[in-house]
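Pasting the structures here.
Two complexes come next, and they have one chain in common, subunit A, joined by subunit B in the first and subunit C in the second.
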Partner chain A sequence: MFKEKSTPLLFLAPAIVLLVIFKLFPIGVALWESFRFTPISQESIFVGLENYEFLFRDDPVFWNSLLVTLKYNLIINPLNVVVALALALLLNRSRPYVPFFRSLYFLPSAISYTVVAVVWGVMLDPYYGLVNSLLAKLGFSAQPFFSSPSQSLGSLVFVGLWRSVGYWMMFYLAGLQNIPKTVYEAADIDGASKWQQIWKITLPLLSRTTAFVLVSSISFNFLTFAPVFILTKGGPRGATNVLMYESYKSAFVNIDMGRATAISSILLVIIIAISFISLRLNKAEYEY
Partner chain B sequence: MKKKGNTFLMLLVLMVFCTVIGSASASAVELEVVWMGWPRDRVITLIEQFETENPDIKVDIQLIPFSQLFSTLEVRLPTGTTPDVYIVDGPVTASYAARGYLLPLDEFYSDQELAEWFPSSIESGSYDGKLYSIPYATSSAALYYNKELFDKVGYPLPPSDPDERWTWEDVATAAVEIQKALHDMGDTDVWGLLIEQIDRPYQLLPLAQSLGAEVIGSNGLEVDGCINSPTFVEAATFYWRLFNELKVSPQGVDDSAVAREYFGTGKAAMMLGAEWNLVRLSKSFPELQFGVSPHPYFENGVPVTPTGSWHVGVNSRTEHTEAAVRFVKYMTGFDASLLWHQLHGHSPARMDVYKALPEVFDTDEWGVFLYEMEHTAKTRPATPGYLEYELILRETFNEIHYGADPQEALNNAVRRIQREFRKYR
Partner chain C sequence: MLYRRIAECVLVFILCIIALVYLVPFLWTAASALRPAGPMYSYANPLTLETFIPKNPTLQNFFHIFTKQRFGRAMFNSLFVGTSVVALGLLVNSMAGFAFAKFDFPLKNLFFALVLLTFMVPFESIVIPLYVVVQRMGISNTYSALILPAIANGMAIFLFRQFFADIPTELLEAARVDGASWARVFFQFLLPLSKPALVSVMIMLFLFNWNALFWPLVAVHSSDLEVVQVAVTTHVAQEETHWANLFSSAFAASLPPMLLFLFLQRYFVRGISGTGLK
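Up next, the complex of A and B:
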């Protein structure tokens, strides 16, 4: 295609340079920092694995934080996939009202997460919130939402889902429209029911989309920070203290860069590992 | 062609004009000031007055909400020449000073000037024998009570005489009985006792200090044997009981404005609260009948109250030292302190303001707070690691009030704080 072998590299160069400067370099710095200890107003010193050792051996807050992060992701990512797929299946037809609903469901993901968090914080306020006044009108008792250790993580999942599910729905819609009509026509002729078509044709042929959605959603949600920072500050009783927030506190309140970067390095490893596994599991079996 | 030439000429004139304007305003020093996120209209009143008195200085005031103030400064101070001036929480002075973020201010103040402030405030603004931050306000705490609720159930009012102050057990008994009586009457949403700052060391350390607990080692960098000592754990256990055993205090009311709202709307019989509530309660809840009783203490201990508040400091890297010091002197001076009290209700750190406003401060309520400031006040621990100390203890108190075992939670806090203190040793 290209006469010179270096031509493709030239086209890729701008992207690679930016990636190196803004992604790989900071990751490298973080890794380097995570093996060091920085006393106040002195040069940092190499301490080997000490920061990691402290996290795993002496730091209940880190363990709790790790657990919270895993729990949050175990709930929100499958929900994202299931709800986004369900919405896409519902809206993958040509009726006059469909475009309206597609836009409606997509709209929240066009709003900044910060704004979403503030708005839902007001709506779910345990004392003056809109949701609790509605519950009271309907005869239910008021719920504490973000101020209760047992409900705050669930509330966070709800806000995250509300904001992002429409976005993932769009990918599923695109995936659905890529499946050739002829496959369904053949199934019709063979007498397959609608459910059989979904299970035997739609889902298998969407496995690439699912892989993409799952991996993107995982790497996005493992890095959740804004809603925690705005709504719960990691509380109550550490119930929403995700790793990103713990790392932030370590870096900018406790001025402990070693611990902060060790946490983010662990997070990076987790994300890479989980993404790798889910890509493997969702490997496309069919080409079309 | 002629038209084009005209446009060009006009642009040229405009550019020259702009440059002239630009250089004219450049002769005024612009100070960048990072300030607490108090209501803008109140702060601006002070700033405008300063700018009128000092036409050669422009102030760019940046109001940062409390929850983001410390991290904002943490990001900006290590490298920047700005902000030139910034607000400093009293006990954090040592932290900034140890890291070289604050300009020592001794040379700009005479002993006579310094004598105007409460000695405890000057102490809180000093580190290693030097003065780094000038007191902007001070504070105290005491027991607020709702007279109507007490009368409704016929419970005797808490005393206003410091010598007869209630013990914590008295408070707990009153909270239980009043809450029960009110619940029996059908007021099922009223609580016995609120702690305004439910998890902040500022309001909670005095409980432990009342029992004689040391809250930090003498070098300011040791907490083992202090915040997990038997006396500290005893105080923390009492605090735990309020929420988990006696159930007279609501969990999760972790915003002082919400606590005030509860108390102001008659949803709590008592509130351990700071002096700033006097002004805010009377403004927001003019109907509320409340009184103030001296800070409770433990029976086998002594009365201890919190104190200290905001200070103002100058960035050691500022390029406008003279203007910055002038601004600090204005903001912490008599006029601005008096005006700020009238605008916001903070108690002044300057004694001359109290003398100047007898009609405000000669009341029973202020009498209680002034007594505490003079006799029982203890400043928060002076340690360069105060930010870390505060955050970790705060999370710990938060856990305890939700039911965590006090001893275990405090042992964990020791491990975490000790680690963060390493970098200062």
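Up next, the complex of A and C:
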């Protein structure tokens, strides 16, 4: 370590200035604006907690949006963990075909959520979609997918999984490589079956990876916007109206910045709370 | 031994089934982009071999979106914004990483806490308040609105710090003793040793910008500044005849990130395992 005063500050200055203007300051603005009300073409006025009070007391659209966001997250995040872990376990071996499958499963994570949503929107079209013609070939009846209130959220979960599960799989593969082979050799000598080894050795030793994947996946999925904007516009009948989309509509369709920033602030608080939990969970539970 | 053979066959079979779920959308997108414009739905229903292999492949859809739909302009905008962010971001974030990795200075912990905080607040969550900031600064609807907020990145600073910390300090001390300025130490000694970190951060920043939808959608509205992802969405919800544009633009928008991934795969993985777990 070099002990200097001005040199490190000079190296640090550009990054700190930019972070303050474009990251820290907006957080302040979100809170500031959420305490204000802007009547059309007039100066905004301070209204205290009124925006929040209204949201929680008299705003069924907000409540529905909050519930949809929670429901979406309660479904997609555990699925992300389970499927990513399963794929990693299947692909954690050295065979010539393994790199191909790893790359293929990861590939959607490199493409934008926008393109993924656009393509799956056409694939899942209720009348002409490829998935329905495949279902017809297999003898099933056609499904409405995004056009039905009961299936749209599930379809959104599927598209979300398709796009990111390979990404989380990579973390599990990295975690699996870190487990020393000797642990399994010892278990083999003691006569533990492969299945027992997965449950008693692999999963406990991966608990840190799981905590990380779960928390990152939650903070990513709480902010889902692109697929909703492209595929459903929050519908049908509010079934996919997640908070991010609701706050976007509030800001740019209804021009109600107070309500929009209040929703943004609520999301921010949730995200920061999740990150703090993640910091605590990241302390390793098992040493090896 | 026989049992193991069977188990392996079952495994490969499962992997292939999952692979189909991934391959079908890719193949269909490629096939539809290469098909002459027209009612494309007829190829999806009923399912035939022609669904995936176009009979008369043509590049006319691509010519159309690049010449008539201004998609070329959108590609240029995204490329311009992405390169600017990468160039400035590599410089700014590596400098900050250097300060954190190799120096002791007053308020270091406070500054690092600031970086950690921004690390925890994802860009998407501040898009709407950021719009308020950018508007007050008078740079909304300009390239600056797309470039400036994306340069400093907590995750990139973190990644650089980790990487620089592993480079022996004695090496830099030796250079200092020989009379090199701090700028020379940084640019001529440290950075040339840090190619893996530079490539990982480059990929991260470029992909993040190339794939961004929400911020460009909010920050700029003039069609001259439209970026690739926004251009792709303009084809959604249009009439059936425009599916050719939709697929060809989706295909063109995905090509740069996929090529980046296929050629620089090991840096991708290093970036991932470096940011998350250690």
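Keep in mind that, in the parts below, the second predicted complex is superposed on the first by the 259 of 288 C-alpha atoms of A that agree within 3 Å, B and C clash if a C-alpha of one lies under 4 Å from a C-alpha of the other, contacts with A are read in each partner's own complex, and residues count from 1 in each chain.
FYI, a contact is a pair of C-beta atoms (placed from the backbone, for glycine too) under 8 Å apart; a residue touches a chain by one contact, two chains touch by 3 or more.
What you see is a predicted model, and the numbers here were worked out from it, not measured in a lab.
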Go through the superposed model and pick first if A:Ser193 touches only subunit B, second if only subunit C, both, or neither.
neither
In the superposed model, which partner reaches more residues of subunit A, subunit B or subunit C?
C
Subunit B versus subunit C as contact partner of A:Phe252, first or second or both or neither
both
Touched partner set for A:Phe101, first subunit B, second subunit C, both or neither:
second
Which superposed partner A:Ser150 touches (first subunit B, second subunit C, both, neither)
neither
In the overlay, answer first, second, both or neither for which of subunit B and subunit C A:Leu9 touches.
second
When the two structures are overlaid on chain A, which partner does A:Val61 contact: first (subunit B), second (subunit C), both, or neither?
first
Quick one: is A:Thr38 in contact with subunit B, with subunit C, with both, or with neither? Answer first, second, both or neither.
first
Looking at subunit A, which of its residues have contacts with both subunit B and subunit C?
127, 252
Listed in rising order, subunit A residues that touch subunit B in their complex are 37-41, 54, 58-61, 126-127, 144, 147-149, 233-238, 249, 252-256, 259
Of subunit B, residues touching subunit A in the complex
67, 70-71, 74-75, 98-100, 251-254, 258, 261, 384, 387-388, 391-392, 395, 398-399, 402-404, 412, 415-416, 419-420, 422-425
Okay, in this complex, where on subunit A does subunit C touch?
1-5, 7-9, 11-12, 14-16, 18-27, 29-30, 33, 87, 90-91, 97, 101, 103-108, 110-115, 118-123, 125, 127-130, 132-134, 136-137, 162, 167, 170-171, 174-175, 178, 208-209, 212, 216, 219-220, 223, 225-226, 229-230, 244, 247-248, 251-252, 257, 260-261, 264, 267-268, 271-272, 275-276
Residue numbers on subunit C that touch subunit A, as the complex places them:
11-12, 14-15, 18-19, 21-26, 28-29, 41, 44-47, 51, 91-93, 95-96, 98-100, 102-106, 108, 111, 114-115, 117-118, 120-122, 124-126, 128-133, 148-149, 151-152, 154, 157, 169, 172, 182, 186, 207, 210-214, 217-218, 229, 232-233, 235-236, 243, 246-247, 250, 253-254, 257-258, 260-262, 265, 268-269, 272-273, 276-277
